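Each of the next two complexes has subunit A plus one more chain, namely subunit B in the first and subunit C in the second.
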Partner chain A sequence: MNERMRSRYGRRMRHRSRSVAVSIALWIAALPLVYLAIESVLELLGAAPLWQEPLQVIETVTGTQALRFGVAAAAVVIGLVLLVLAFAPGRLGRHELADERMLVVVDDDVLAGALSRAAASTAGLQRDRASTSVGRRRADVSLRPTSGFAVSKDDVDRATERELERLAVSPSIRARSRVESAGVVGR
Partner chain B sequence: MTRSNRILNRLALVLLALLALTAAAFILRPEVERFVLEPLGLVVPSLGLAEAGTVLPIALIVLAVVVVIVALAVTVTRGRGADGTALDQEGVSVDAGLLEGLLRRELDGEDEVLHLRLRAFRARGRVLLAEVQVRRGADLANVHRRVSAAVATADEQLGEALPLVTHITTGLRTRFAGSTRTH
Partner chain C sequence: MTAGRVTLSTRAIERTFGALAAEELGVPASSSSVDLHDERGSLAVSVSAPVALGRGTVLEAAQAARQRVLTDGPALTGAAIANARIRVRSLHDVEPRRVR
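Moving on to the complex of A and B:
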């Protein structure tokens, strides 16, 4: 896989596609138009309208104060949501791992599990006593130690950093650990 | 991995957003004229919908037909590009399922890998997507190493290194499988 393909597929894998949003938005736009088109066909054929003739529908919507503001507010909200969807980066919680042969993309929850595992192992704790949240550039590891047994935060930091170096995660992440003051008894 | 054009998706969203905002401005025309257009010295002539005769219904029908056709086209063509063929050259065709079986066999016995699914796509060239579901708290470096080894074996047997994207993920199987233990 050449660098161009790697970069292209990497970007596609780490960013959300907007095709579902586009389909939904198009159908939302189509529904009132289809209704108005049906009324228009009935008007051109001289048949009775389903509700009102197209011009009357427009006049009703723009004439009634409450309806007017309600419909306009809905249109503004839809417009703003679509603008946010169009311009927001749409990043997915994924990172790439260094690999010469192929592009490797890993979900952040898998990465978090691996860091929790490294942290718990270093601290001598069971796996469920370490939890990690992974952001784009940062990972926060939280440990709940057994009461009466000290956990070295520096050792845990070194272990998680070593794990991240081993994986060569991209975009790079800095791990930060926190040892909770309230420990757990008996486990 | 699909052939969806993501720039076009964004453009479509911007266009639809502008349509929605224009519709809102049309509905609130008296307020827009009073608070926005008049202070700017702009005068927008009346659309004259009441005098439009048959133009309005015909315009509405045309607009609806266009929007429905575009909506159908976008919905139907969405996510296209999946293809069951991993390799197709010089009269030789290799099914993605065959390659999937090969990779699964190589990963057989790897406790942390729960499932592997391989799909082939044709999007500006052929590319394979291997989705690897792992256990909670899996040793990621080990999984990566094992998958790389399995891919190397597949490359050797195929005689070619096909463009491959490996996605290490979790899924329903992960939820029910339980985690790996650290001790």
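Moving on to the complex of A and C:
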């Protein structure tokens, strides 16, 4: 697998596909047109319309002031939704790991777990005392210390930094840790 | 890197503080009971124990017990103590009872 393919596949797996949005948009656009086409053909053949004659349909849909505004508003809303879907990056919470032979994409939850584990074991805490949230460029690690036993924030920072270096995720992440001021008694 | 870790159980810490206080109060360690709370990451210790008669005033004994927990507690367990409270629960008569 060459570099270009790798980055392309990586991108594909880290972003939401637009195919669903595209097919829905196409259906929304196609159904009225198909209906109008059917009515036109029926009119040409001189048959009775399914509902109304084509020009009559347009008249009915935009007849009154309220209907005109309603149709316009619906069009605006649909248009905005489609614009957002088209231009938003559609990122999924995932990162790529550096690997020589394979393309490895992991969910951010997995990275968060790895960082929590590194932080907790450095601080000498149970795994459930650390919680991490991973964003695209940043990870926030928060630790709940055991009452009476101080946790060194610097050590934790170093451990999470080392873990991130080892994983070499891309896009790269900076970890920030926080030791909560309130502790938990014992265990 | 060092593998593994050492942790003290809450119970062990409680008994240590209880024994320290009981020693100053002149009563058996088992007669003391200890509650631990969190105080901004440090421990808030409250010891409840009887006090033995005939060792100065009750207040002095309690004060000594408090001091003992505050100084020797961290030294023995490594836990930071924010504050310690001693509650004297009862008076303990340590005069040995004659058995006839």
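Simple rule for what comes next: the second predicted complex is superposed on the first by the 181 of 187 C-alpha atoms of A that agree within 3 Å, B and C clash if a C-alpha of one lies under 4 Å from a C-alpha of the other, contacts with A are read in each partner's own complex, and residues count from 1 in each chain.
As a working rule, contacts are C-beta pairs under 8 Å (C-beta built on N, C-alpha and C of every residue); 3 or more make two chains touch, one makes a residue touch a chain.
Since the model is a prediction, treat every value here as computed from it, not as a measurement.
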item: Superposed model, subunit A: greater residue contact from subunit B or subunit C; value: B
item: Partner chain in contact with A:A88 - subunit B first, subunit C second, else both or neither; value: neither
item: First (subunit B), second (subunit C), both or neither touched by A:A47; value: neither
item: Subunit B versus subunit C as contact partner of A:A182, first or second or both or neither; value: second
item: Touched partner set for A:R127, first subunit B, second subunit C, both or neither; value: first
item: First, second, both or neither for A:P145, with subunit B first and subunit C second; value: second
item: On subunit A, positions contacted by subunit B and by subunit C; value: 121
item: Residues of subunit C touching subunit A in the complex; value: 5, 7, 9-10, 13, 36-43, 77-81
item: Residue ranges of subunit A in contact with subunit B within the complex; value: 1, 5, 8-9, 12-13, 15, 17-23, 25-27, 29-30, 33-34, 36-37, 39-41, 43-44, 54-55, 58, 61-62, 68-69, 71-73, 75-76, 78-80, 82-83, 85-87, 97, 99, 101-107, 109-111, 113-114, 116-117, 120-121, 125-128, 163, 166-167
item: Contact set on subunit A toward subunit C in their complex; value: 121, 124, 145-150, 179-187
item: Contact set on subunit B toward subunit A in their complex; value: 1-2, 4, 6, 9-14, 16-21, 23-24, 26-29, 49-50, 52, 54, 56-58, 60-61, 63-65, 67-68, 70-71, 74-75, 78-79, 124-125, 127, 134, 136-141, 144, 147-148, 151-152, 155, 161, 163-170, 179-183
